[in-house]
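Down below are the structures I want you to see.
What follows is chain A paired twice: with chain B in the first complex and chain C in the second.
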Partner chain A sequence: MSAKQSRKLIVLAAIWIALILAPYWMVPLGGYTALATRVLVLGLAAMSVNFLLGFTGVLSFGHAAWFGLGAYGAGLTLKFLAPSTPLALVLGMLLGGVCGAVLGTLLVRRRGVYFAMVTIAFGQVFYYIAFQWSSLTGGDDGLRGFERQPIDLGLFKLDILSDANAFYYFVLFCFALAVGAMGFILGSPFGRTMIAIRENERRARFLGIPIERHIWIAFTLSCFFMGFAGALYALVNNFADPRGLHYSQSGDFVMMAVMGGMRNFWGPLLGAAVFVVVQDYLSSVTVNWMSFLGLLFVLVVLFFPRGLLGFLQRGKA
Partner chain B sequence: MNVLEINNVSKRFGNLVAVRDVSLNVAKGELCAIIGPNGAGKTTFFNLISGFFPPTSGSIIFDGNDITRLSTHERVVRGMARTFQITEIFPELTVFENVRTAAEVAGGYRLRPWISRAESLKLHHRVEETLKLVSLEARADRLVGELAHGDQRAAEIAMALALNPHLLLLDEPTAGMGDGETYQITQLIRRLHRDSNYTIVLIEHDMRVVFHLADRICVLDQGRMLAQGTPKEIAANETVQAAYLGNAA
Partner chain C sequence: MVQRKSGGFGRRRVLQGAAAIGASQLAAPFIVSALGEVPIKVGFVDPLTGSLSLQAVSEVEGARYGTAEINKKGGIMGRPVELLVEDSANDVGTGVQKTRKLIERDQVSFIIGDVNSGIAIAMAQVTSEKKILHIVSGGHTDPITGKNCTWNVFRICNSTAMDANAIASTLIEKFGKRWYFLTPDYAYGHSVQAGFEKLLKAAGGTSAASLVPLGTPDYSAYLIQAKAYAPQVLINVMGGGDQVSSLKQFVQFGLDKQMAVGGTLFELESIRAVPDGARVGWWTMEWWWDQPGVPHVAEFNASMKKITGASATARNWFGYASVQTLATIANQEKTLDSVKLARALAGFKLPPEIALQPGAPAFREGDHELMSTVFVGEAHPPKGDPDNMFTVHNPVPGEKAAGPAEATGCKIRWPA
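And now, the complex of A and B:
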């Protein structure tokens, strides 16, 4: 037991050290800091999807909607409301989270494929709103004309706009907050009811857990995390794109989660890293990068059904 | 004092009347076995008690309160726990984690995002006690999915016990078991009934188990209550023999 725990701590420390030092080891390996930033943000989004998929056993195929809403929320805040990065993050998260919470009430009685279908439908509604409402969202061109703002820390200003490393650490800090909250919830009695629902819904119901209410709470939390990730993504690009709400984007997040290993807390982050790095490399070689990524996904699913991290863990055990 | 009073419940599925006008009282500390041939409506009757679906007519009183229209989880909160014919557990969690989940929900912690060390320790003891009661303390750290069938069933019963139930509903506790496992589970139920004074209603096919355990036996046939009585009375009842025991013997 204690050996298991200490190994867990070592792995955890290794992950955080790798993340903290990423700008220093990625550049010599041919990467660049902005790539690491993208991995963090998309990784957070994939982990939010997996909060629901891997730990409650509910597959949402429309989570990009909350991601995109978070991005628009942050972008619109910076453009029209106030030049404040923290405010943009908070309002972006609220926009994604609140919309998710409201629509979640209509979803919780559906299960399996039906749940996934309805989430796609809801997601597409938001996609078309963002696509059509050109006067506010910029339509197909996306929302432009805003920039992330330096963070005023009292003693000094953190220039996250032009200093790529400073921005990376800012995003890492936000990532740590969100992931810390996720881990905390999963380790709590409430988190254990989520896992109970994943493992056996009927048993969970007959333990006295009101399943629908608990799925709604898990869904809502996941939407807030998703909105937060989306808001960060708007800051990464200084741009919000209607394609960020599209169901194909939802599919990418699910793919990252499954590829990395959805039964593992950190799996989706690894999945996102593979996805982003392969995409970055292949898209400079061929326009058909997605077919190679798709092939990789198929291979992972066929040969490592528990995902890359699930496979690595089994190898160790 | 009756823990459970069922008054004239019926359940209709379209044209099929699965349970027809059945009444049953269960006194505190009693072990009542429900028997009957396949398709007699035993499981439907159980589902009515535990709130899987509401009855078409009739009422169900639990601890003096009408629970006829209450949802499953509200019935559990009031002290009704059940196990299933096909064991329902959390296969990828350990025995300890399975029972802890039940204990946490019963302790009112299910919505809590955190738990104090003292509370956690108290739950820990509660789980260990429950595991001792079903003789699974040595397997606490094993994954439930990897256990033998009899131990899985014992783990499921432990989860039900961790809910502090006033009434334990066991749906065919020895279904699909060999002689050794049947004996293990029968002894466990006997201990729960005799030593720990649980009120139990169970469905069972194995007549050795039924006659060994039950204070009272209820015979269902084609959705009706055919007979009720002590094991002796039921064994002597000619209608029952004709409908049921006669075929088995």
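And now, the complex of A and C:
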């Protein structure tokens, strides 16, 4: 094993140990378990955006739509279909992913700013549907009246509703599944092709790679991950609202990805952690917390163009 | 060969230093907050930014004054009270998140809020899940003490049905039965309009309505529709900043010469924010600073004037009454147990120094709504005192405005 590989393994182990022990080290530092859960869920969402942005080189500014659809899918399932958490997660993910896949066919021929604009437009369509369809979605008041349900594992029941730690580990398990799938895809030949498209689209086309189909597949996969994150988010709050579909929420996800480091697999998780913790702390101190976060973002973009994680890695190298 | 100078401060070192200092700023307050366990914490979630910010800021001012008064008198069971205020940004998702944060991170004993009815209902779901005593200071929609009522939620401000019942007969008698609604498109707006329509239908009237998204700056399209319908009364249900813009445009369009305007609430904060010409119409006030002969009102008004520089508003009183109610009941029962306190609050009569109005309003056992007086009257440009912009013509007792508790659809289920 080369030194580079072993270093990679050590970093990976460190990340997972930090995540597994989060409820134990966050509380003494004055954090709380639910905050760690939010970091995981929003981190997964930012990593899904980055799957497209950092590894295929396509910027979507409407990804909150799939996130919000996942949340509504999970919420509506729990409220109207069946009180089952796994079913809610699956249906939430399917709602976000399938809508993304269908609209993706219309998107893939656009590039750059046009792609971003069209994704915003489609995202806003879903926002206004959720906003106006009060009888189903609760409109501006959001979707209430559902709760995540205990998981029946046969031998024992996992009470994820009232036990914050149990819920954190449940979310961590889901996060690990999604991140594992994401890592597997990126390591496969398909993932390599995505990177080739990012680096030089024309060259990839000349090599005979069907670019549009590849971008569509990458977009669809990213939408499925996003829907999954959204479904988890509905379980975190026991609540879903139209603001989760709004393009400003998409902007937050892109901000997390860029702040953390968009060429880096784990960057967006760090970006989400900084975003969520700073928001949580500063918004209690001042109503103008967004200005400080914006300032931080500007500093990161100006001084660490490869994101916080890119900077940390360069520092070590 | 040039040797690189070591030990100097390069750009990178400066940036690293700055990042380290920045990071320590974030870590330190966590550690400090973990130490302070002594005070009793009250969490207050209100939309300090957004279109309801004027109302929210007034509530917080009242609550801060109330907290200071409680602490002067020894706090709750000898422990000081600390008020933690969080901004819900007039957004339901943020409100839910802030409520969870106050309960999970700050371990508050009580929750107060929100001005926005949609947020208040969503918060109530969180507080009942977490079994925390919750006072809705200023969210008016009916289901809070109606079909969505819970054992742990009590409300200081009136329900929309109470306000609508109190003003509707006045509007029908004075102006007529053909009405047009300008309704904000969220829980509060829908429930006010439904309440009015029920009363109007019973009186044999007709109506039409425009649903307006929150934060709309331009009302010309809706006002043209209203004009085309030619109503006798325009019922303006818009709240906060939206009400201010819509009333200004109503007068600019000259519609005030063609129809009467009125509705449930035209709060002092909003009357202050419009020009003299738009200070018109018939409305309900939920508390009024000028109540000659009612004990403690003048003192409260003078104290608020010292803090804000203007007369006390209903929102000041909501915030004040919310914290005072919590402190009084906890001191009376000598416990912080939310179930015991909620049982004691059901039917609890506010003492005169908190009630600040004629009679002794109580939290009704059937739905946990405070039976507070509704002050029906007319808005006008200032007469004498700059805040004398409303004349109370008919104070309606809370019980009369609210109707029977059974009719609200509230069935309270207590935890086992």
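One rule holds for everything that comes next: the second predicted complex is superposed on the first by the 316 of 317 C-alpha atoms of A that agree within 3 Å, B and C clash if a C-alpha of one lies under 4 Å from a C-alpha of the other, contacts with A are read in each partner's own complex, and residues count from 1 in each chain.
The criterion applied here is as follows: contacts are C-beta pairs under 8 Å (C-beta built on N, C-alpha and C of every residue); 3 or more make two chains touch, one makes a residue touch a chain.
Please read all numbers here as calculations on a predicted model, not as lab measurements.
Colleague: Could you say whether A:209 touches chain B, chain C, both of them, or neither, answering first, second, both or neither?
Modeller: In the superposition, A:209 contacts chain B only.
Colleague: I'd like to know which partner A:184 touches here: chain B for first, chain C for second, both or neither.
Modeller: first
Colleague: Quick one: classify A:305 as touching chain B (first), chain C (second), both or neither.
Modeller: Neither partner.
Colleague: Should A:294 be classified as contacting the first partner (chain B), the second (chain C), both, or neither?
Modeller: A:294 sits against neither chain B nor chain C.
Colleague: First (chain B), second (chain C), both or neither: which does A:33 touch?
Modeller: A:33 sits against chain C, while chain B stays out of touch.
Colleague: On chain A, which partner's contacts cover more residues, chain B's or chain C's?
Modeller: C
Colleague: May I ask you to decide whether A:86 touches chain B, chain C, both, or neither, giving the answer as first, second, both or neither?
Modeller: neither
Colleague: Between chain B (first) and chain C (second), which does A:193 come into contact with in this model arrangement: first, second, both, or neither?
Modeller: Touch status of A:193: first partner only.
Colleague: Now for A:112: first (chain B), second (chain C), both, or neither, which partner does it touch?
Modeller: Neither partner.
Colleague: Contact residues on chain A for chain C in the complex?
Modeller: Within the complex, chain A contacts chain C at residues 28-35, 38, 131, 134, 139-142, 144-145, 147, 164, 237-239, 241, 243-244, 277-278, 280-281, 283-284, 287, 303, 315.
Colleague: Any idea which chain C residues touch chain A in the complex?
Modeller: Within the complex, chain C touches chain A at residues 15-16, 26-27, 29-34, 48-49, 84, 86-87, 89, 91-94, 96-98, 100-101, 104-105, 117-118, 121-122, 125-126, 129, 185-187, 190, 213-214.
Colleague: Going by the contact rule set out above, which residues of chain B touch chain A in the complex?
Modeller: These residues of chain B touch chain A: 50, 71-73, 76-77, 81-82, 84, 88-93, 97, 100-102, 104-106, 109-115, 141, 156, 159, 163.
Colleague: Mind pulling up the chain A residues that touch chain B in the complex?
Modeller: Contacts found on chain A: 1, 184-185, 188-190, 192-193, 195-196, 199-200, 202-211, 214, 217.
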